[in-house]
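I've put the structures underneath this note.
The same chain A turns up in both complexes below, where it pairs with chain B and then with chain C.
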Partner chain A sequence: MTAQPQKIQTQAETSLMQQFAFLDLEPSRQAAADRLNESGLPHRRVEEWKYTDLRALLKDVPQLASAQSVVPTTAGQPLVPADFVLAVVDGIPQDLANAGANASDAAKEAVSLEIGLGDAKGFHEKPNANVDFNMALASSGYVIQVRKSAVTPIIFIDHIVSKADAITAACRHSILVESGAQAILVERFSGPEGSAYVASSGLSVIVEDGAKLTQARVVAEGDQSSHLATIGARIGTDAIYEPFVMTLGSHLVRTDVQITFDGEQSHLGIRGATLVKGKQHTDMTLDVDHASPNCTSIEQFKSVIADEAKAVFQGKIMVKQIAQKTDAKMMSQGLLLSENGEFLNKPELEIFADDVVCGHGATCGDIDEEMLFYLLSRGIPHPVAEIMMVQAFVAEAIEDTEQPEIIEAFEAILADWLASR
Partner chain B sequence: MLQIKNLHANVDGNEILRGINLTIKPGEVHAIMGPNGSGKSTLSYVLAGKDDYEITEGEILFKGEDLLEMAPDERAAAGVFLAFQYPIEIPGVATMTFLRTAMNAQRKARGEAELNTPDFMKIVKQKASELNVSPEMLKRPLNVGFSGGEKKRNEIMQMALLEPTLCVMDETDSGLDIDALRVVSDGVNALRNSERGMLVITHYQRLLDHIVPDVVHVMSAGKIVKSGGKELALELEENGYADFVNAA
Partner chain C sequence: MPAIQETIEQVKEIDVDQYKYGFVTDIEMELAPKGLSEDIVRFISAKKDEPEWMLEWRLDAFRRWKTMEEPTWARVDYPKIDFEDLYYYAAPKSAPGPKSLDEVDPELLETYKKLGIPLSEQAVLAGVEGARVAVDAVFDSVSVVTTFKDELAKSGVIFCSISEAVREHPELVKKYLGSVVPTTDNFYATLNAAVFSDGSFVYIPKGVRCPMELSTYFRINEEKTGQFERTLIIADEGSYVSYLEGCTAPMRDENQLHAAVVELVTHDDAEIKYSTVQNWYPGNSEGKGGIYNFVTKRGDCRGKNSKISWTQVETGSAITWKYPSCILRGENSRGEFYSIAISNGKQQVDSGTKMIHLGKNSSSRIISKGISAGRSQNTYRGLVSAHRKASGARNFTQCDSLLIGDQCGAHTVPYIESKNSTAVFEHEATTSKISDDQMFYCQQRGMTDEEAIALIVNGFVRDVIQQLPMEFMAETQKLIGISLEGSVG
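Right after this comes the complex of A and B.
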């Protein structure tokens, strides 16, 4: 008999396992915990984590915050005026009593809100460590259901980490946009600077036939935190899903997005802007499954990298054999503002249907000197010209957003980021 | 106002400007003609402050100051303007935002108050209509999708808005139709005054019928090989550059 080599656990793994042992998990959460126990945190030899060695990067998994330990807090100023304003504090969803204070009767009629764990139907089919991490740790979230109505309700969820001491905050929401309904979901993630907290966020999305969901997410966590997010979405027939993820905060960010087309004639427009500086490491890993014919998708991501920061984009588009007439266009671009920044771009197209239009492009470069000179030659000082060039670079992704308020909010965040750099 | 003395400039180790001497006094319009590749655009870029060029010898004084010591934006604020031969498209930068940023940056650098929105809109609308720049063009990102002629009109509109003291125009006439040539020339002539100097680079005598120069220079292989009055342009139109190029 050969002895199994003893796996050495990292501090984060040890702490995670200890917490799992202590929590009394129901079976599906326990199954996720067991998978993590078995595999440990993913490292660079696991293909999907090649550029984000979570095992090396995640130093600790601090104590999971519980409902008992959380001081009730209300949401901050919403990013855009919203019908429903919800707050999640240290991973714990807050009381819904005043959530719809600003909502019209029609919006109240259209939206039902509950606290709990919605069924994870829209959630990831293909479990990965990020999904398991969230599945095991999240005990609640908001369950949002939007019915068909004449209005498009706007729901804002403010995720706040309130404690200065490092904690782990975990939650998972689900949103179901029913047949023919429309909704806008706006999310913000923030927390204290200097704290090595861990935020695990899960979101399950179902956009039913003829429905439309627009989503705007801003990840602006504290500078020492780790943000591990997963979004799993299913899109019905004749449906539209348009998420935008803006990532600027946090020491470490990994966002896994899995989207599946369940019906025909649907459209996905997923976009993102990543703004990183210092020693930040961000990773957007996207997996789009064209499992139905006649659907279109646009995947457009912009990464601005300053100082010694690192941005990773992994974009996989699968076009199944049945998915004829798919039109998918993916573009991922990096703009390096320093020589020490790094942009790692891994686009992947797997096409099994023959009558499709699919393409991907990837670029990475510095600010265009010719363009910069044009601005300088008109008297615009170098720092201002550089800001204009970065704004121009990111604008391309932001501009396609339909709601002017969301565009404005994104532009303001970008301007703040540029000014503070 | 502008004194270029024995200017030598290299690009990637190749000497492109090989001893340029040129003096422009306030109120004067100078034209530079010369074969392709003789260094005309290079001279205009060196004046505007593009940093691809290594100045190996010589100096440039602008209003008595060492121009070569100044950054491009400082030169612009001091009154240097280059209308580019090939204006670049800048996607994502709105034309109006650009104009406003440029105008206010220059005003700020000169210690003047920034323009408020109504004043800015008014002056842009006026100059745009004078130069046949449509409101639709102003709504687009800078130069994006503009035709060749539209780009050139946009350059001259910027010049009219920024009111520089030294206007350098690099083949502003190329790509312009006959009507646009008149519109642009009128725009340029409207800017002529006793304080402003102009350097007009062109291949065609036609432009100089509209913008009548005080002095015409012939540039060849990085040097000014001949200078004369406006009749020199006619002579070139007749005979080509052969005489001068060989002389150089």
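Right after this comes the complex of A and C.
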């Protein structure tokens, strides 16, 4: 006789379910809530969550902030000079009246902005707990549409959590870059220290034929918070998508990125830098679906781990049978600065086409003694030498961006992080 | 880039339809009743004349197994196995246990002759001067003969069937059996612990370098049988042994189950080199029949400077589910895994290794080459982990796959877990980083990158393969010739 294991709900699951019961959700959100209700939060026995046991790590899902309770706030100083400056406070998108104050007429012509939920066309059809979490909880966000024009508009979205009390802030944006258009999207996530808030962020990206989207994101949430983010993107023919994600903050970060190639001759260049210390846990999970022939992708991720922090990288490249002549290269590197840090790495390849060039590399270790000695022997003090080495290690991922102002902004963030260690 | 023609032709030659060992030996067999129950476990134990503690050990495992679920995480797909529809014990009537060569049924000797296994102690392998191999021949559920036993005994080496070891050397078996792969380890290992019928036992005493190659040859013959063998090899301080395993089965339309457990233990300064040429019947080109090969192989480097090296050449089986692993417990211990896995027809391979670094300065190397053709699926699944105390651990992994045709798939699922900052792990799935020095050396002698890589990789694979009996080499030689051109991650 085998005893049936009893399903015990955690505090986070209980409060999540209670909130779902209270909210009056429209069908697609209700479907996502139902799936979560059914499966509960993912745990280590679910392969995709093997290293990030959300059931154990997410202590609570506090009350969802509502539009009524949010005090209108404007965005802080943008990371880079931007044409459009948008603010999301406690998950609620703020008024668009002054968003394009700095924008030229051409930029205003090129970009249409709305508040709403938009569609989630960028996401895979595959079920994913992180996507469901966001789909069920997010009630609004920005719907951005970029039309073809002579300019490349820069859009900055500042995600702020304003309350010191723990809340749940959820939003989902969608960005559509129309055929032949180009855009730059810069995002920042921040919040108060010491507050155990939960931030859920969704972003649906469509890069149409011949279009290009460059994206740069910094996650610098409060030290006790949990940040659950999903990016779902579809790339058309002859299109380019180049996202960069820098993760510094939060007690717990999980970023799911799902990218699908819908057309031929397209390129994806995704890069990430993770800088963790204390007892932080960060997880970058990437799923690239080469569903069309003749596309190229480069995935490059760097993780710097200090103290007792833990960094997870899971990257999967799927090359479908039709996707001949695919060229995909994935590299994930970890630099452990302390004895008790952990780097957990799972680069995965699934290949069904025979005429392709695919590769992945993964390395992990501490600072190279010889290189360090080289710097020390030139009279550079140990802490400075160590900082130089870390800077050089991370810079590789940052410097691939074409925009010098973005490189500068992110290098400054890196320098601050190193100085604060 | 696509695979070159020469490679395609070489793979075709070892296609599933070319299986040479598919004949059936017509011999009177003694079978246990079909199905699995405590009575069957008692029956097997009684057949083997086992002491009470061994029976209890089996029954414990059996009770545990009944509470377990079949694993589904591997990338293989097969209809559910009916564990009640199998014979768990099948032995030639004329050979209830291993005996001297003169007493073995001539029909069995003929079978091994046909398979090219040298059972005669006088036989010297063609072309290899002075190379002698001691063989333990396992036919369905029993070991029929073990050669060179007396000569090995002179150096203190124990080489016998595991049933004999349970009776003759209970202190060693009690101490080591289940100490590397516990009875509760996984579904198939637990099943094996309950019903294992035979296998080989090797003990190399302190400071002895085993005077000859040891080998076990597994043959499944009877219909509807499962083969559950158990191998236990212990290398005491400062000893060395090279061990080879080979396996074949007749061509049958049904699927047959093979669930083995192999445990290796090395003490201080000892080394075990374990080589496998796995050539079970892979099924026909439509995927009908073939062996389900669900095997748990694990080595425990317990002592300082100990070393375990796994080499496998995998061409057979309808389904392979096998991860020869090393637990690197001892300081400076070393684990190696070299694998060539070729799948064709509708074969499914999910194989790889685990290198678990627990000891200081332990090092490991993984080289895996997967070649898939036809409509097969070939997956490398591996784990490299460094424990907090494993300072200075070092790993190098390289896994390349080659696809021939657009109906097959090649997959790589490595897990790399580092919990120690001084551990250095490198995982390469591209062909540019074998060893820069070696590459440079070859290149400056005018070789192209491809030639240089082929030379380096084949160099150490050949090193092991050359030590296999000549009869096995014909198959593996073909694999060696396979070019790496067109490899993908």
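For the reader, a short list of remarks on this structure follows.
We take it that the second predicted complex is superposed on the first by the 414 of 421 C-alpha atoms of A that agree within 3 Å, B and C clash if a C-alpha of one lies under 4 Å from a C-alpha of the other, contacts with A are read in each partner's own complex, and residues count from 1 in each chain.
One rule holds for everything that comes next: a contact is a pair of C-beta atoms (placed from the backbone, for glycine too) under 8 Å apart; a residue touches a chain by one contact, two chains touch by 3 or more.
All figures in this text were calculated on a predicted structure; none of them were measured in a lab.
Under the clash rule set out above, the superposition-derived model of chain A with chain B and chain C shows the two partners fitting side by side. Using the contact criterion defined above for the overlaid structures, shared-chain residue A:334 touches chain C, although it does not reach chain B.
Within the superposed three-chain model, A:68 lies out of touch with both chain B and chain C [touch as defined at top].
By the document's definition of touching, of the two partners only chain C reaches A:47; chain B does not. Ranking chain B and chain C by residues of chain A touched puts C first. In the superposition on chain A, A:359 contacts chain C only, with no contact to chain B.
With both structures placed on the common chain, the touch criterion links A:350 to chain C but leaves chain B unconnected.
For the combined model, the angle formed at the CA centre of chain A by lines to the CA centres of chain B and chain C equals 70 degrees after rounding to the nearest 10.
By the document's definition of touching, of the two partners only chain B reaches A:395; chain C does not.
In the superposition on chain A, no contact is made by A:77 with either chain B or chain C.
Taking the two complexes aligned on chain A, the least Cα distance separating chain B from chain C is 14 Å. Interface of chain C with chain A (complex): residues 1-3, 67, 73, 388, 401, 403-430, 433, 486, 488-489. Residues 370-371, 373-382, 384-385, 388-389, 391-396 of chain A are the ones touching chain B in the complex.
Of all residues in chain A, those touching chain C in their complex are 2, 47, 321, 324, 328-329, 334, 336-366. Chain contact summary for the complex, chain B toward chain A: residues 48-50, 71-73, 75-77, 81-82, 84, 87-88, 90-93, 97-98, 101-102, 105-106, 109, 141, 158, 162.
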